[in-house]
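Quick one: the structure is below, questions incoming.
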Amino acid sequence: MNNTFNLVWLIPTLPLLGFLINGLGRKSLSKSASGLIGSAVVLGSFIISIMTFIQVKQGHTGVIHFFDFLRVSGLKVAFSFQIDQLSSLFLLIITGVGFLIHVYSTAYMHDEEGKDFAKYFAYLNLFVFSMLLLVMGGNFLILFVGWEGVGLCSYLLIGYWYENNNYTDAAKKAFVMNRIGDLGFLLALFWLISKTGSMEYSQVLNAASLAKLTTFDITGITLLMFVGATGKSAQIPLFTWLPDAMAGPTPVSALIHAATMVTAGIYLIARSNILFSSALITQQVITIIGLATAFLAASIALKQNDIKKILAYSTVSQLGFMFLALGTGNYVAAVFHVLTHAFFKALMFLGSGSVIHAMGGEQDIRNMGGLHKHMKVTSITFLIGCLAISGIPGFSGFFSKDEILAGAFGYNTIIYGVALFTALMTAFYMFRLYIITFTGKFRGTHDQEHHLHESPAAMTIPLIILAILSIIGGYIGIPEVLGGHHELAHYLSPIIPTAHHSLSHQTELMLMGLSTALVLGAITFAWIRFRNFKAEQSNGGLSSFLENKWYVDECYEWIIVRPIKKASSLFQHILENRIIDGSVNGVGKLVNYGSRQLRWLQSGQVGAYVLLMVLGMLLLFVIQFFVS
Amino acid sequence: MGTYFSFPDLFIWLPILAGLLCFIPALRNHGKNLSLLFSLIILGVSIASLFFTNDGKYLSFNHVSYIWLKYLGANYYIGLDGVGRSLTLLTAIVFPLIIGSGYKKEVSSSHSFYGLLMLSQAGLMGVFMAMDALSFYFFWELALVPVYFLASKWGGEKAIASTFKFFVYTFAGSLLMLVGIIYVYLHTGGRTFEDGTIAPHSFSLSAFYQASLSVVEQTWLFIVFFLAFAIKMPIFPFHTWQPDAYDQSATPVTMVMSAIMVKMGLLGVFRWLIPMFGQADHLLYHIATVLSVIGIVYASFLAMVQDNVKKLVAYSSIAHIGLMSAALFSMKKMGVQGVFLQMFNHGINIVGMWIVLDIIERKTGIKKISELGGLAIKAPALTIFLVIISFANIALPLTNAFPGEFMLLNGLYQYKPWLAVLAGLGVIFSAVYTLNMIQKVFYGTVKESTSEVSDIEINEKIVLSVIVLIIFVAGVYPQPLIDLTKASADQLFTIIK
Amino acid sequence: MNAIIISAIWGVLLMFSGVFLKNKSVSKYLALFGSVLALVSTCIEMKTGHSFFNFPMYEMIKTDAFNLLFISIIHGIMIVYFLLNAQEITKVGSHVAEYYALIFFILSGIAIAATFNTLLMLFIGIEIISIPLYILTGSDKRNLKSNEAALKYFLMGAFSTGIMLMGIAFIYGGNPNASFYIDKIDMGHGQMPVFIAMGLVFMLVSMSFKVSAAPFHFWTPDVYDGAPTVFTSFMSTVVKAAGFFAFLRLFEKAFGSMQDQWQNMIAWITFATLLIGNITAVFQQSVKRMLAYSSIAQAGFMMLAVFAMNGKAKEGILLYSAAYSLATIGIFGVLTKMEDYTISGFNGLSKSNPVVALTATIFLLSLTGVPLTAGFQSKFFLLISAVENGNHIWLVVAAVLFAAISAYYYFRVIQAMYFKTAESDDQMVMQPITTQYTFILVLIAILILIIGIYPELIIGWMYR
Amino acid sequence: MNISTIVFLLLSLMAVGSALMMIISKNPVHSVLWLILVFFAISGHYILLNAQFLAVVNIIVYAGAIMVLFLFVVMLMNLNADTEPIKNYRMQLAGICSGGTLLLILVLLTNRMDVEQLVQTNVGDAGLIKNLGMSLFKQYVLPFEISSVLFLSAMIGAVVIGKKEETIDQNTNS
Amino acid sequence: MDIKAYITLSLVLFTIGIIGVLVRRNAIIIFLCVELMLNAVNLLLVAFSKMHALSPVAKASANFASDAQIFVFFIMVVAAAEVSVGLAIIVMMYRNVHTVDINFLNRLKN
């Protein structure tokens, strides 16, 4: 291990330190102190991440081995970090965006009382720690450690206001669904171990180990890994937890449920792309699932009225796009979209946060409107976010999304069509959100109105930074068509072989033009549709169908939850109490009964006794002489 | 030095001494302090014993053998091997925790309570160290008797009945095992003692390993021994004594039962059953594994509908034990080492669990989940401890249970993937009911039942902190524990070869 | 031989002591001294190999390490018995000295039954045991239960004597050696002559009656219940042990090598005894009657010795005699002092008399067969012998399962003592007892524990 | 069909007949008398078997002493015919059936022994007082002495039981 | 004479005794029946002794066949002792309950 990475251990350790300080000293620390500590540690690891990134850019990569986590009967799992292009990129995203959100939170959570405030930051730091573990881990087990860790933190943060039962329900749902995914992941690991006998990236993710695996193995392993990914990254069928997860504080949604944690699945697949590219069936599955998720979520987002819910569904939808990219073998595009999406979606969440903050906790966009004149910064940054996500040329979203679409086109035209349509829907509902919220005239209560104000600097500055990022963020990946030469792709090439570009430049340009034109159309349609918006009740079956999110939750309730509950109570009352325990107690009852019966032999009559004796004697004679 | 004392001797005699001292009328009122003091001394001894693990050098420290019944061929032979060490360590750690957690609590006729507690410790230690079948059986029963009295006398209103069920059930099982022991004994070779006496047969462990038994005999004996151990562990469907017993007994006793006594069954399986009957029909091993896995899912199902929080933990414990025994019977090295690791960690976690529940029950007098709520507001420290412990209980990474459960499931997977999948369902369910419990008991708004709950006392804080510390240390760096028991696993697999 | 004559003489001595000495306590000390003397002399005989009295007896009796050891165990137990129960014996009736005399006659009968070498001596020995027992059973004349018990016992006993004599007659008839010497009966291997087989069945019936094995046990509960408790504890322990010893000796010496031809019957009798004894005991409310049934159950376990009939069986029967007798004498000793003989009468004993409760617990645990007590060792040895015998393993399994059931009724008493409380605090659970009484109970308990930990203290003698 | 066979048959008839009469006659006194008749018959058998000593002892001890003792007791209790007012037919039937089966089985088994074994009648010195006395006081001296213990205990028993005691109380549970 | 005749005779008497014990309820009669059983045995023993007197081993010792008859003698001895005790018990019973019907012996049961 080269000594250029001798600070890397600090990257996860600092947040852990922050967690410990905030957690243990939560009673004593003042709000400002804990906020400061919370943000400072993340800043620290951000700085180190930048240093690391620079070194990696210069071509230093390596695996840093600390100690052996498990060493048992042939399996050796090191506690080691792998620093390479992919992980360093994610480090930047996590620590960078994380830092901004920490700063934002200091202001946003200001109404919380001291120890809850400290607790909040402790959790946040713990999350950053586990997320860093996830991306830095040198093998699948450390990745899994972080993987479950972030699940825990999201549980804790969603249920942060634990007195509200719905929130804790949401938290529980999130954790359990993640657990389901994790089981798939775990099984994938077992499969991998049983075949290759190791979990180190360096030993598993190479042609040599691929040779050990049959196609069936690879397909199975990758599919199981994908199951894990669906849990973490909210894909069909395990996506329903994410919208509910909006119960948590808004910055949490921004950090965990938009920028970082939910992209863990993409990270996993990108990390093990060598496996996935040799598993065609899996790729098809991923493509379908991704596309379906994107479409489904987008369609639901059309009719939502809770500002955070809309963002949540759009997140799910965007994640779907990323998986679409992965499925089409376009890993770079996926990672690229992760990056840009991290910027603009975080931006929008924080924006919505500042809106909610201003509205005093109000989240229903039908009670908003005309906020632009009250809070300019928020409005403008939010607009930038919308433009970015809908893929207007010049904004970051454009490049990444276009790359995905191009890949899809190269893969299959129908898929491309659906994807494009989904992109249009995205543009439509985002602008619906924007228009209803920021333009027109205010629809809320009166005291809400004069309470309206722009958020403090601690909140606006991150917004601005993120806005800038979501404009320029795309320029690290300009395709050749537009005269750039895809920096990102080159940077990642050691990890991810650059996708073969089948499309000719003309087609590509044509596609860009097409999508841009359609998107603009969608936006204008939204403008016309919602320019003077009234809170009207939903009309028609389809819209109510969408409002009720395709009744997915209800289906799960009926298909899975109810039967399990039924079975449990059935076991309890029939099998446990009646049959098993019943038979155990039955023996005792039998003995008692037999005792009561046998007592009558002891009749007290000498005659009877002697008779029984004689009969016994007869019996003995029979046994002795007449039973052979 | 080893000729003057040895660790096994200390492990047996210190608790007995403590127990007897407690019964001396002069010391009646100091039973609590005495037992706490002695249990701490024992803890010290067992930690010290970890530095003398090299049998080659310190044989006389780790193995004690006296001629007992020479015409029968039985020695009083107790010794420490890897697993023995980890389990005695567990016992030595758990007892101070138990006594410490209840330190502020007043017990009726405390001297006999703590005396019996220490005596039970002696029995348990003996079971873990016995290297001679007869000694093993003796300690096996001796561990049971004090616990019977403890559970019945200081238990809930239905304690007498439920504890008696527990006693008779396990007693029947162990008597069957006795028949099995005798049968094997009669098929062992002769044994010559130091004083020249020659016994026709031998009770020593090694002789039992070499007993000449046909496959059919082994199959039958497997069943007999399996019954005894399955009842003790307990494995589905022999588990029905357990929830009532745990629910009805006083919590310290429940801790002893759930943290240590259940390990007796597991220990019996890998020190006696598997090595002796390696040639038994492998269908039996398969059945045992499947039963255990069924037990995992079944117990998880039941745990989800329990309203009594103690029963919930009882069922979850059944599920955990089921996973261990499944890994044990599937006989994959990874799984077996996982069992050794997990036996220790499960003990720690479940003790923590019981302590927290005991505190809750003491403060509110309620065991029903549905009647509790909002404790997080009233007792934040308690809540944090519980959350950590219960996440350790569902094997979250970086807690002690994770490496073990990983190895267990991995071993099970190597045996039969679909069993691993079923067991994995158990993992999911465990998350469900544990989180349910946390949510209903701690989150939500304060109810009148919990309205004047205060946060925890200092002694409880200390005890719980110790547990949490162990949880994290063993979770981040489990290797020492694994190395401690590695030799035993290797030995097991060399024997059954 | 020593034991026979000394106890006979002592019986006469005690008889006259009752006539000449008015002080009742004297006979107690005489009795104690007598059993000590018998014990010592028997031990000496065991060491030296020949007795003080040698006149030609034509091998009517034969002594060896085994039966001498048994006799000394019996007398050891009798010492404990006298120590514990002397006071109670005086309470039974006015003829204290006579009771002692009868007990000693019984002891000499026991010695005969343990050493007999001809069927004649067996017959006489058993009669010397039985006839005084009829009297002791009826000795509480003011009590109708006692009378009834005596009459029942007598009628059925006489009947079984007739059966036994028929058996002896047939054995004699079928025996080509035309001899009553038991070692001249054994033909070695090969088919038994039919007369001997018939005689064997008759003998089996009558011996089963003496040791109260099912289905010939019916007298036991009634007699044990009706007899004065002190004598119940005597006849249910020492006498029963002697019966088993005679049983074992007869069947081993006379029919041993033909065991495979009659083992089935023993197996079934054993099973029936275990079944009836254990199951019926479960429901009893009176501790005395429960103990009567439990003694049937224990007899079932002892039958395993007759069933197995090998070296371990001998050791087992010795241990069982000691363990079972000690525990039963102890628990009866507690029982005699109770105000109320029902199980609920024991409620809260641990509060009022903790030490007595503790000893009683040890006795009951020993009867259940929990390790560290003598009861476990004895059961353990018998199980070894039964498994070693190899046939009818199902019987062994049944035996241990019934042992588990036996926990059911013994533990009811323990539960009453420790986990239940007396109805009212002022009500007496137990009569006031002297400290030395408690001391003797503790002594018995300690003995039980010692034997439980180191049984070779007893059986070691068989290897000397 | 020689003379001894005829005598045997007559004696057997007499024995069985009076035995039956003994168990079916209502009045205990009659039963005792019938039993004495049985004893005479058996003594006759003894003489037929040339066991004179036993024949004599049987008459003197049994028919003489013991039976007279019985008679005394019966008289003393003046038990008359209707001491068994209610009859339990089921019980009697069961008794007779089981007894009959027992007899059947035993006789069957006896006939399993196929070899013809004769009994020495009228002659043989086995039963003569001289021989019996010799072996009784030489070989059988030990049981002879021991049986004195039996008598002692019987005597004590008679004293302990027989002596009249004061008040009866129905309910003491020891 | 064939031994079987004697065996049959004594078995008949024996069984009559047993049946008597079973069917009669008067304690004294039952006792008489027991005595009958004993006598059946005595007869059988004497018969056997005379049977063995014919057997080849009889030449071994002079008073060979007398064993059984001595046994009979002892049986009588024991019977006498038994009778004395038994009658005493019956009398005691009669004093207390004024009957000798065994069906009245039913305080002890179950």
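In this document, chain identifiers A, B, C, D and E correspond to the written order of the chains, with residue numbering beginning at 1 in each.
Heads up, the rule we're going with is that a residue touches a chain if its C-beta (ideal position, glycine included) is under 8 Å from a C-beta of that chain, and two chains touch if they have at least 3 such contacts.
Bear in mind that the values here come from a model prediction, so they are computed numbers and not experimental data.
Chains making contact with subunit B as well as with subunit C: A. Put simply, the chain farthest from subunit E by mean CA position is A. Relative to the centroid of all protein Cα atoms, the closest per-chain Cα centroid is that of B. For subunit C, the chain whose average C-alpha position is most distant is A.
Of all chain pairs in this entry, the one linked by the most C-beta contacts is D-E. As a whole-number value, the distance joining the C-alpha centres of subunit A and subunit D reads 102 Å. As a whole-number value, the distance joining the C-alpha centres of subunit A and subunit B reads 38 Å. One finds 27 Å separating the Cα centroids of subunit C and subunit E.
We define each chain's centre as the mean of its Cα atoms; on that basis subunit A and subunit C are separated by 78 Å. Among the residues of subunit B, none is found touching two or more other chains.
Annotation for subunit E: residues 3, 7, 17-18, 21-23, 25, 30-31, 49, 51, 64-65, 67, 70, 74, 78, 81-82, 85, 89-90, 92, 96, 102-103, 105, 107-109 touch two or more other chains. Among the residues of subunit A, those touching two or more other chains are numbered 588, 599, 602, 604, 606-608, 610-611, 614-615, 617, 621, 625.
A complete list of chain pairs in contact reads A-B, A-C, A-D, A-E, B-C, C-D, C-E, D-E.
Of all the residues in subunit E, the ones that touch subunit A in their complex are 18, 21-23, 25, 30, 102-103, 105-110. Across the complex, subunit D meets subunit E through its residues 4-5, 8, 12, 15-16, 19-20, 22-23, 28, 31-32, 35, 38-39, 42, 45-46, 49-51, 53-54, 57-58, 61-62, 65-66, 69-70, 73-74, 76-77, 79, 83-84, 88, 91-92, 94-96, 98-100, 102-103, 106-107, 110-111, 113, 116-121, 124, 126-127, 131-132, 134-136, 139-140, 143, 147, 150-151, 153-155, 157-158, 161-162, 164, 168. Contacts from subunit D toward subunit A in the complex involve residues 88, 91, 94-95, 98-99, 101-102, 105-106, 109.
Residues 599-600, 602-607, 610-611, 614 of subunit A are the ones touching subunit E in the complex. Partner subunit D is touched in their complex by these residues of subunit C: 4, 8, 11-12, 15, 55-58, 60-61, 93-95, 98-99, 101-102, 105, 108-109, 112, 120-121, 124, 127-128, 131-132, 134-135, 138-144, 150, 193-195, 198, 228-229, 286, 288, 336, 341.
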